[in-house]
Amino acid sequence: MLLSDPQWLPQLLADLKLVMPEVILVVTMCMVLIVPFFKKGNVVLPVFVSMFGLLMALLYTQGIHLGVMDADRTGQVFTNTLAIDPFSSFFKTMLMIFAMLIIVQWTLFGREKTHALDAPDFLCLLLGATFGMCLMASANNLIMIFIATESASIPSYALAGFRKKNRMATEGSLKYVLFGSVSSAVMIYGMSMIYGVSGSLQLSHIAGSINQMGMTPLMVVGLVGMFAGFAFKLSAVPMHFWCPDVFEGAPTEVTTFLSVASKSAAVCMLARVMQNLGTIVIDEQVLIGIALGVGALGAVTATWGNLVALHQTNLKRLLAYSSISHAGYMIMGCAVLLLVDPKLILSALLFYVLVYMFMNLGAFTIAAVFERQLGTLNISDYAGLLKKSPVLAILLIVFMLSLFGMPGLGGFMGKLFLGVGLVKAGTLGTVLLGVLLLNTLFSLWYYLRPCYFMVFATPDTQKQLPVIQPLRPALWAILAVCCIMLLWTGLLPAITSDIAQDNGRMIVSSAKRQIALESEHTSTVPKRVVFTVAQ
Amino acid sequence: MHTLITLAQLTAVEADQETVRKLLVWATLLPLVSSIMVLFLGTRYLKKQAGTFACVVMGISFACAILAAFKFTSGNMESFTWKIPWIPIYMGKDGASWLYLGLFCDQLTVALMAMVTGISLLVHIYSVGYMEGDKRYERFFCYLSAFTFSMLGIVTANGLMQLFVFWELVGLTSYLLIGFWFEKKGPQLACKKAFVMNRVGDTGFLIGFGILFVQLGGKVLVPAADGSMFDAIAAELGGKAAIMEHPPMWLTVAGICLFFGAIGKSAQFPLHTWLPDAMEGPTPVSSIVHSATMVAAGVYLTARIFPILTPAAHLFVCIIGLITLVMASMMAMVMTDIKRVLAYSTLSQLGYMILGVGSGAYIFALFHLITHAFFKCCLFQCSGSVINMAHHQQDMRYYGGLAKKMPLTALAYGICTLTISGIGIGSFSIFSGFYSKDGIILGTYNYAHELGGLGSLFFWGPVIVAYITPFYMARSFALTFLGKPRDQHLYDHVKEAPKTMVVPQLILALCAIISVPWLLPWEQMIEVTRETLVNKNVTWIQGIPTHAEHHHIALPLLFGLAGALMLAVGIWMYKDGFGKAEYLLKKVPGLKLLYTWALNKFYFDHLYDVFFVKMTKCFAAICNFIDKWGFDGLVNVAGHWTKGLAWFTGAFDNKVVDGLVNGAANSARAGGQALRTTQPGRIRVYVSLLFVGLVIALMFAMTLVTG
Amino acid sequence: MTTLALFEPGLYHLVGVSIALLAAGVAVILTKRNAVGILMGVELILNAAGINFVAFNNYVWDNAMDGQMFTLFIIVLAAAEAAVALAIFLNFYNNFDTINVDQADELQG
Amino acid sequence: MYESLLNWLIFTPCIGAVACLLLPADKARNIALGTSIITLLMTIVLALEFQIGHSGPQFVTTLQWIPAINVQYKVGLDGLSLPLIVLTSALSVLVIGAGWKIEKSPNIFMALYLLLLSGMYGVFVSLDLVLFYVFFEISLLPMYFLIGVWGGPRKEYAAIKFFLYTLAGSICLLITMLGIYNVTSSADFVAGNTWDMMALQTPAIQALFSPEGEYWNFARWAFWLTFIAFAIKIPVAPFHTWLPDAHVEAPTPISMILAGVLLKMGGYALMRITYPLFPDAASLYWECVACIAVFGILYGALCAMAQTDWKKLVAYSSVSHMGYVTLGIAVLTRTGFDGAYYQMIGHGITSAMMFFLVGVVYERAHHREINNFGGLWLAWPKYGGWSMLGFFAGMGLPGLCGFIGEVMVLLGTFQAAQRVEDPTFVYIIGSLAAFGVVLTAGYILWMFQRIYMGKTRPEYDHFEKPTGREYAIMVTLGVAALIFGIAPILVFSYTNATFNNLMSVIGLAGLTN
């Protein structure tokens, strides 16, 4: 966007229309911060405001999506730094729904006195993180990736340490922030390398430059650095160490939010990068190489996550490792984006994220209930829980089985779609599919652990667990929604998969600018030479 | 008009055939009906009348069979088949060949039907007396009738498959009957042993059937309209034989495999050990199942498959027969248990029959089957009477002089002893056993003559046994009925058996006499079946003599007199107990060894126990071990690996980081406070690992790019 | 390439500085046990990246301002990140009475 | 009119399950019994309406399920599935009868059982691979809980082992399914991908999997993967170790249904999926598979012989008997297929009966140590008689249902000699398989001797006599064993047309004379 362009103002306005949801989120953030000045110590008002803001953003997203707001349904705004396309819109929709559910969950769980005072802060941070994640889903440019990642991360750090007096939360957030800042620094350094090689921050141009120059070592270093940053957000191995600690320490709502939203946003970001590479890069070898690298990352992550999860005794840590392995599955999907018809994978990823959202939300909600009411997250303490609160136990089993991938529940369909995508990707895909399925086998063991204790084990008579108080209806509603969604996506996946299918499209801007630059560069050959020598 | 008459004649024949078929079917099914009725109504309604009921039904069955036999024989009818499809065997698209159940009727069938039903009737009657007071009285008749049904099923079988079915069913009923007193350990083990050994033979049968099925195709399954499946096989084989010079290997194998079924059922060497043990069952059972009918089924089978046996297979059959014949007769000489003597005698006689079939004198073998059925059944019944009266004391060492107490039983036993010994003068005898055994030996003579060399054993073997048989029979007769009582107490309590037991004995003894060829046309009846048994086209079959020379005078003369001589010797030796025998044992060198061997049944039981039972159990234990530690172990190892990997990764995530932390701390402590600043914490280990991971990823990526 | 050109400030020098900063940053991160120290190491890496961007923009890709823009954003967001990080350190200090990151090992499986 | 009945058949148990959970617990048994009787009636109607001589599936319902990847909800009934459906329905009633005395949460037990029933029906009627897979897995879950909650002392171990093991097989299946998806969506001439089992048997797709075809390597892999998947279920010997544990720990009714129906899923799936889809690979590896099968027969029998736990013995006998199923399929002859199928039906009856017979005693004696029994026949003569029928049917005695399957499998095995150059191998495996019959007789008779024969023991006096309910179950199964031993045509008339078709798909129609 050049100010010299006489059309800049109309262009800006047109672009703003397309990023209206994000704008609304920012405005809502501000409003939530302002609200306490008028009515201090009230929970309802900021919650209402933020919910309203999210709802509006949601409607706007849908509006954009449906082409009601603008004739041009999709587009790339702010000089192509953001891509507003079906994929991102669909993801944003899910994200906002999820954020609303999280807010509901948080509001209902709050019993402490500080709750009311904290509400605006919490909501503001949550909205901020949501905003960042929305940007992540659309980021089409290294700057935007950087901004989006940071604006998603920074509130998350604060969220993770939101229980200020809680030592575990504090420790978790410390780890999170240190780890996050280190990896974002690495990512940025990698980006600088990429920029140095390709001369552009635009993903499509970077891909174009790979076409022209091949995979130079510098580019490899740059990409590895950048993917390291992604890996942090995805909690891929070996950047996963923060994940269980943060998840255990943070309030459960935050954990839920981080496990689903932050990871899936990162998956979207990774998918977009891969999609750009896959669409533009011509060299088959390069594509396979990148796919192999990313696929290996995914495979290692999934396997590692599952294996470590086998030993977890804490429900939240177990779910944390489970989320690591699920991230691994999704990374595998992203990896083969380079090799097959992207629509298949993108829609599979969307479906997976959708299902993953509900099953994790459900599982963590129940974990939160247990944590608050039973005062323990130790799985072996849940012995005989089926008798005491059968519905909760059965629901947890349902969520666990869905996470495992039991047919009839959404998790299986997610894996099936992913598998369908993987298998199309030749040998690499088949190997990844094998890894995925083998992991499914491993994972059964630990997903059944809570079931085992709740259903089979006889409770320890020494330990008297408190009786679970009746839950608030809205909480039941959340659980019911999760369960119904899982059954629905598992048994009648047609509608959902069709929607995912329709939205499994990404806009990839052409590499034309690169070609234009090419002609410009003809005059600056010496520099080019200098640079090549510099390598 | 002419046409009408022809039609009438035809229908008459048809109707006649129909009648015979119906009669045979009724004769076969009635015992089953009786069995089922006794099973379900026995304990509640029939109670003590169960025996009478079963006898009546058996009587009707016998009447049917006799009627059918007379109709068939007098009408000079052609053999015919009646079949109902049972198991479909789909061969190709053009529909199913079937495994049929049904009926095949020829001279042999009707003859054996009459014999089986007749003997069964007598045994039923005998059992009414013998089993009186047993707490499972009704159940016994249920089993006995079921057995009769199964046996009739074998006799009427129209194909190998039906034969196999009933083959197994007689095995089952035999199992039940042997194990009738299952409270005791002996019957338990004996019935199991019998069944399993029979199954070994049956396996051979199945394999043989399979080979035939493969080589001859589905056609072997379809019985011809006027013949049994055996004819179809033979015909098919004949077609093939026409283009073959030598009998093919597979045919030999198939024949031997089928014969294995006979080995199992007829308790031939090497599967002979179950029969003596089977004497644990009630004596009526021994008399019908283990002497008269079931064990003879093997001979029947061998005779039926005679057309497809190749010369090599014949030789095999003969060898088996010969070994059994000689071995069993030697064991019969030393046993002191009266039933065991008879059991080994049965074995020996079965050996005769098998040898007869193998050497081509199968007509006499079948004849011997029938005569043997009568006299051996009678012998068993007599022994049963004695045992019953002697309070289940079976050991002959405690008998002696019982002829005075049980004259009728002694009479029957004596007649049968004479019969089995084959007493006769020249070529004439009043005892049927003389003719049948005579025929077999003549057959073996021809066969041995043809083979030459070592083949002469096939002649000398039976001849020697023909001397031994009267000896051991005389021994048992003398020990039981003659001399002085060796157990006075036992002797005092013995009295003549009740009428229900004595009458059947006498009838059977009479049968053993009157079934001589000059009274009843057995031989002729069986002769007719030759037409259906032997196929005309099979060249290598035609070389075998199927018809013994009757006019050889010298041999019968020899046997008839020699039998009488040996009989006398036996009676002389054992009339006064074991004294003379023991003296002989001491004096004659080597006899003692032979005696011990024979007494221990040539150690076959031990051998089998070690080599088969123990080995199988050992195998089973090994398999179980493998299962627990091998296959399951593999699974567990896989599980452990996973767990181990999980432990490793988990440990990496937790312990290694800790280890790094603690290790560094320890070294720091060791190095003193100066190094404290370099002690890493958990977060820094995380971050370090991040960088390590990054470096590894970089290297991996570089390798990917550069090559 | 003349000797003069070697001493004339150019791409190599700047990238060299950047790499030195990166190395310094990594070293600091790995050795410091003070949280603020680690954050400083992170800032060093960020600045190294910033130098890279500016250098590449100026010497190689001078037709647009992308790199320089990026550097601006790095500066801004680094500040934001530092703010949150310091807040968290403070909170950690309140709870643990130290900002030695080695003390943060209560959470483990 | 009856077109949709099949769908009702699948989902009626689900409705029953929900009813069991929602209505009072003491009504659960009646509801479950009612539901199973209704499904039995439905099955009878289906069997009556079934057009004999029609090879293709009947009562077909086709709905788009997941249009994105062209997955259909396609169910249908053909000769291959109908007898097994009837078996399932009939056994389900008996199993509920056998589980009548379950004390521990009968409502959940019945609900899970009915869910299992749905899964089993689904497996036997689904004609779409994904649908099949879904039902295949869904049937695992209730089983896991049924074993794990209502089982014996080591129930958790057995339950998880069962689940993990079978899941490992399912994963092999899933890989193959996705591979098939890949093939059918890549092949040039196919309009779109398909998971339809019938469509996959068309010559066009079969050509791809033939040795000359483009996907021959895939076909070979796929054959083994699917074989292992179903071999675990059957179970074929090296993959069987879940079975003894599962059976020993499972409660009696669950053992009955596990042995009676669940194992049949494996054999059914081999006939439905593995062999028709990859016939060339099958005929390439048939010797190997046959060896595995024969090994299973002998090995299972020997293991059974070594057991002192009565139920474990019966469990191993299942391994041995199901080996005949594998063998019959492996030898690729029509008779073998028929025999294998009949063996499945026969084993469904006899194994259920044997487990029930064990269960009746176990309920009273609370132990299963064979050597600590003896004289049961004297104590309970009627029970002894029915036991004899049941165990001897298992032993393959003629006139009872075990015989026909075994004999046909053996004949089928020998028949394979007709299509190979050197028949020695065939004769050897045929003979070994036939020898399995001896071992079977050995362990069953030995067991029978130790448990039923001999003098009664004093503790039997305290045992409650078998009740009328128990006798009803025994008699039903025993009579069924007798009927199916005498009239095999009851089954073959239904299967004939379908098997003709199957043979032509496998390409064996012309191979035998």
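Per-chain numbering from 1; labels A, B, C and D assigned in written order.
Just so it is clear, a residue touches a chain if its C-beta (ideal position, glycine included) is under 8 Å from a C-beta of that chain, and two chains touch if they have at least 3 such contacts.
Keep in mind that what you see is a predicted model, and the values were worked out from it rather than measured.
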| item | value |
| --- | --- |
| Chain whose averaged C-alpha position falls nearest the assembly-wide average | D |
| Chain centre separation in whole Å, for chain C relative to chain A (CA means) | 26 |
| Centre distance in Å when chain B and chain D are each reduced to the mean of their C-alpha atoms | 34 |
| Euclidean distance of C-alpha centroids - chain A vs chain D, Å | 44 |
| Centroid distance [mean C-alpha coordinates] between chain C and chain B, Å | 95 |
| Junction residues of chain B, two or more chains touched | 650, 653, 657, 682-683, 687 |
| Junction residues of chain C - those touching two or more other chains | 29, 38, 101, 104-105, 108-109 |
| Overlap residues in chain A, where contacts from two or more other chains coincide | 174-175, 178, 182, 186, 244, 308, 311-312 |
| Chains touching one another, given as label pairs in label order | A-B, A-C, A-D, B-C, B-D |
| Touching residues (chain side chain C, partner chain A) in the complex | 10-12, 15, 18, 22, 25, 29, 35, 38-39, 41-42, 45-46, 48-50, 52-53, 55-57, 59-64, 66-67, 69-70, 73-74, 77, 80-81, 84-85, 87-89, 91-92, 94-96, 101, 104-109 |
| Chain D partner contacts - residues on chain A that touch it in the complex | 347, 401, 406-408, 412-413, 416-417, 419-420, 422-424, 430, 433-434, 437-438, 440-441, 444-445, 448, 452, 455-456, 492-494, 497-498, 500-501 |
| Residue numbers on chain C that touch chain B, as the complex places them | 26, 29-33, 38, 100-105, 108-109 |
| Interface residues, chain A side, partner chain B - complex | 174-175, 178-179, 182-183, 186, 215, 217, 220-221, 223-225, 227-228, 237-239, 241-242, 244, 289, 292-293, 296-297, 304, 307-308, 310-312, 442 |
| In the complex with chain C, residue positions of chain B that touch it | 650, 653-654, 657-658, 661, 677-684, 687-688, 691 |
